[in-house]
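Before I ask anything, let me first share the structure, which is written out below as structure tokens.
Order of writing sets the labels: A, B, C and D. Residues in every chain begin at 1.
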Amino acid sequence: MSTPQLFLYNLHLADNALMLAQRNSEWTGHGPVLEQDIAITNISLDLLGQARNFYQYAASLYNGFDNDEKKAVDQYVPRLWKTYNRELEEDDLAFLRDEHQYLNLLIAELPKGDWAFSVLRQFFFSVFQFHQYQQLQQNNDAQLAAIAEKSIKEVAYHLRWSGEWVIRLGDGTDESNRRIKNVLADLWPFTGEMFVGATFEAINVSLLKEAWLQKVQAVFIEATLEMPAAKWFQSGGKEGRHTEHLGYLLAEMQCLQRTYPNVTW
Amino acid sequence: MPVQNMEKIFQDKIDAEVRIEPKDWMPEKYRQTLIRQISQHAHSEIVGMLPEGNWISRAPSLKRKQILIAKVQDEAGHGLYLYSAAETLGISRDEMIEQLHSGKAKYSSIFNYPTLTWADMGVIGWLVDGAAIMNQVPLCRTSYGPYSRAMIRVCKEESFHQRQGFESLVVLSKGSEEQRAMVQDAIDRWWWPSLMMFGPHDSESTNTEASMKWKIKRFGNDELRQRFVDMCTEQVKLLNMTLPDPDLKWNEERQHYDFGKINWEEFWNVVSGNGPCNKQRLDARRKAWEEGGWVREAAKAHAEKRAVRSKREAA
Amino acid sequence: MSTPQLFLYNLHLADNALMLAQRNSEWTGHGPVLEQDIAITNISLDLLGQARNFYQYAASLYNGFDNDEKKAVDQYVPRLWKTYNRELEEDDLAFLRDEHQYLNLLIAELPKGDWAFSVLRQFFFSVFQFHQYQQLQQNNDAQLAAIAEKSIKEVAYHLRWSGEWVIRLGDGTDESNRRIKNVLADLWPFTGEMFVGATFEAINVSLLKEAWLQKVQAVFIEATLEMPAAKWFQSGGKEGRHTEHLGYLLAEMQCLQRTYPNVTW
Amino acid sequence: MPVQNMEKIFQDKIDAEVRIEPKDWMPEKYRQTLIRQISQHAHSEIVGMLPEGNWISRAPSLKRKQILIAKVQDEAGHGLYLYSAAETLGISRDEMIEQLHSGKAKYSSIFNYPTLTWADMGVIGWLVDGAAIMNQVPLCRTSYGPYSRAMIRVCKEESFHQRQGFESLVVLSKGSEEQRAMVQDAIDRWWWPSLMMFGPHDSESTNTEASMKWKIKRFGNDELRQRFVDMCTEQVKLLNMTLPDPDLKWNEERQHYDFGKINWEEFWNVVSGNGPCNKQRLDARRKAWEEGGWVREAAKAHAEKRAVRSKREAA
């Protein structure tokens, strides 16, 4: 993998984590019960930590690039930062890119929905992330491997926690079963994108699909849920083509950095 | 044993600084006072998540976002410890939450003010947490064991938050003109409400006497407020900002800062429901609780199904 | 009235109209029935037109100010615009001020709520605006008087339309009656601010209260609603102290102007 | 009169370009075809409000905000005319809306694509309204009177929208580098879906023959599509932009532009529900309708109360 691609891959991994952290943190103070308010906030914090690691790494890569490498990723670097005349920093990447420069999976940016939506989304995402980080631990790039290794314990917890909630809701009351089935229909089309590789991806994501399906299937059996038959999937996130939701998320998330550019907070 | 003797033993323990534990005999009024106070404190932590939560999605850096989320999460944790402490007195968490939602139980009025700029995050850490700590540190030695132990944990984390808040103000106060203006504006808005956090003058405060005797409370409202004023008046200099009080000045005789009159009309207005955000805060809590109803029911139903199944398997 | 005060008064009038236009336009495409979707959208358009007139007038006043006058209103002028090196324009005022520089009534910025909230808010606002513009028609300042005169027919329609809806909901079904009573309790504390004058106001708003109360009372009788007894009122809008809602509204409304400053759209 | 004679009279009128009016006899299949087509067109106007409505709150200038709101409002108006025209054929608006919400009735697939930047507003005006007009202008002479009259009003307003859309693209195309990139990106995303708006190739299109005979339809899909390609290929030059089709080139012999193959798999996917926003659009419409239920009921209940009262007063 070339260093420009490694830079983009870091953005992709960071964007995934940041968007989901942002969405989950909307529950903070509004959870269904105090313990779970704390739990989903924890996941938010873990993901935010991962995002920071990837953004910092991406920034340090970029700052070491020669001109050709810089040119190769130029369309993903925030325009406004170029006027700052200083090295690229994590917050420039997180807060100053335009919508089409974000490379996260669409599933991570969808609005939080109800509790069923948030836990099922987290489950689909965490199963994938677990296998993804497992592969990345072996990566030739030591820094990438180190971040993955550091993060995988967190992800294992997210996976367990969200899987338990999927089971609880699927095999809970009629209402919870109805709700999780509804959101399953909404979310399923957003799962396919995880397994369609982009050129910048350091691992062959299509090979993760089988393990992902097996884990989902196992939890679904306990949750008395059926695997959807639908074969059509949404796509675009890895190419910077997003849902209509991302624009609103960014307008809110970026507002201070946009209103008061290049100051210290 | 006659009640008088029990009361004597109870008061002797208190006087000897021995903690009262859940299974010990205690006067009914002591129990009620504690339930009221601890649950009010727990509610304050939970409602207090809202004004700061208001800026999570807009935090201006990843680091600040992390710090803010962690802080709000800590408040949820404090709520948990405190609800648990109150539960040892024979009231359930659901009952307490019901009292909050119905308006029967109170929470700290400070959270009925809006958070209007990012600088409010720092100022809340500095002034609001600062005032809370001033009130709470003595509670680490309060007479009821579970409460005092909860408070030790709470105070430790609150001090950390206060330092973080002040540190973020230091950064802003060294920043751009707009950032400095933001800080001054936030101080101007939060200063007086913070002073109100110590409650009415001792002369107008109910319950104080019994609480003192039972060592639930150890210092008067005015004494703590004065300490707070003295402390902040020094700290604000480090920020190159001012406190919005023309009457604030050092009194050589008292060895304290004199300060202006608190607007008690505003205080009582906000306490009685007429603050900028009273309705908004309670509505947000009720909404979260109502919308979470089906989740809590599902979790319960599932746990029961599991219990039945494992019983069946065991049989 | 001094010209700096006239400038601020124009901002106040414009901000009122803009915020309410923004909120009402959130119904566009989402109204309860097509005819009413169109009707509330119309009100939005009328208000937007009024806002433009006031902003344009404010901008032209400012561009003609001498240095002392400019200094007197400096804290309300968008900081970013000062770097543009061109005359002040309506969009600079609408899109580039910071939250505390907006001078609208709080009632105008509150989220749209349900249909009962939106129509009752419109009614309270329109009754006030009708009397306000009636006074302004007589104002010595010809431009202000002209805008008021041009707008008052629109406002008379808003007033009639919203009043009819208040009656319909109050005297409709049990549910509509319950809903409008609920939102009445929410909205009432935001009505007092209209009648507490600010130094920049060209008319004595406290004198409008009686007529306002009479009109509200008359419609409430038909709507079988009782006048609230509450005597405590929210305040702050005219001093730039807003609710927590305005920040979100601005983050969304300003995002393009903040992200791509000083370009033509 | 025997049905054959009625059919003859009907077809003679059509051939003589006499409009069919609601009270005239018409073949059941003609009526059904028209209901399907007019209601689908009405639904497209209503669903079509959503992708553009998505940018109202973020429009970058007051003038553009006004233009956009007015345009979306016009679409609601078009929906109204068209629902009314369909109602003359013996179906109620509520029935049609029910068919939309249940998925039985279709709407134009173009609205299942997301609006991702402000430039999409201009490109929708230019390409999507442009394609719609190309389809609709012939409908101003369609054989059913109420439909043709509705279409005359619709087309007039649509042409205005199209010019506004193109004008806004001219401004952006003369703007900053980012603005120009925004325009090109929007063209790239909307070009092929716009071509799909003309429907499948005539060879694969059902209903075309009868519709032609009845003069509901007057031109084939492919013919209209070709006109559209020819027109846009010229217009895009005025923007200094390109259309995303490497096969696009002038064919001297045909005196038309040749163009690349349409991705019919995507077309059928989106038609059958698998587009980026199909679910989102229908959910939004259903939500508005459901949340408006109590409002419609209240209006009805109040109108009935008034009617009773005025009757009583009259008695």
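The criterion applied here is as follows: a contact is a pair of C-beta atoms (placed from the backbone, for glycine too) under 8 Å apart; a residue touches a chain by one contact, two chains touch by 3 or more.
By chain, UniProt protein names: A, C = Phenylacetate-CoA oxygenase subunit PaaC; B, D = 1,2-phenylacetyl-CoA epoxidase subunit A.
Everything quoted here is computed from the prediction, not taken from an experiment.
Trainee: Centre-to-centre on C-alpha atoms, which chain is most distant from chain A?
Mentor: Result for the farthest chain: C.
Trainee: Let me have the rounded angstrom distance from the C-alpha centre of chain C over to the C-alpha centre of chain D, please.
Mentor: 35
Trainee: Give me the residue numbers in chain A that touch at least two other chains, ranges are fine.
Mentor: 98, 247, 251-252, 255 - these are the residues of chain A that touch more than one other chain.
Trainee: For chain B, write out the residues touching at least two other chains, lowest number first.
Mentor: 58, 178
Trainee: Using the definition of touching given at the top, classify the network of chains in this structure as line, ring, star, complete or other.
Mentor: Basically it's none of the tidy shapes, so other.
Trainee: If two chains touch, include that pair; go through all of them.
Mentor: A-B, A-C, A-D, B-C, C-D
Trainee: With touch defined as at the start, can you tell me which chain C residues reach chain A in the complex?
Mentor: Of all residues in chain C, those touching chain A are 98, 247-248, 250-252, 254-255, 258-259.
Trainee: Mind listing the chain D positions that touch chain A in their complex?
Mentor: Against chain A, the touching part of chain D is residues 54, 58, 114-117, 178, 185, 189, 269, 274, 276-277, 279-280.
Trainee: Across the complex, what residues on chain A touch chain B?
Mentor: Going by the criterion above, the answer is residues 18, 22, 25-26, 28-38, 41-42, 44-45, 48-49, 51-52, 55, 90-91, 94-95, 114-115, 167-169, 171-173, 175-176, 179, 252-253, 255-257, 260, 263-265.
Trainee: Touching residues of chain B toward chain A in the complex: what are they?
Mentor: The touching residues are 46, 49-50, 53, 56-66, 69-70, 72-73, 76-77, 79-80, 83, 118, 168, 171-172, 174-176, 178-179, 284, 287-289, 291-299, 301-302, 305.
Trainee: Could you please specify the touching residues of chain C with respect to chain B in the complex?
Mentor: Residues in contact with chain B: 79, 98-100, 186, 189, 232, 234, 236, 241-244, 247, 251.
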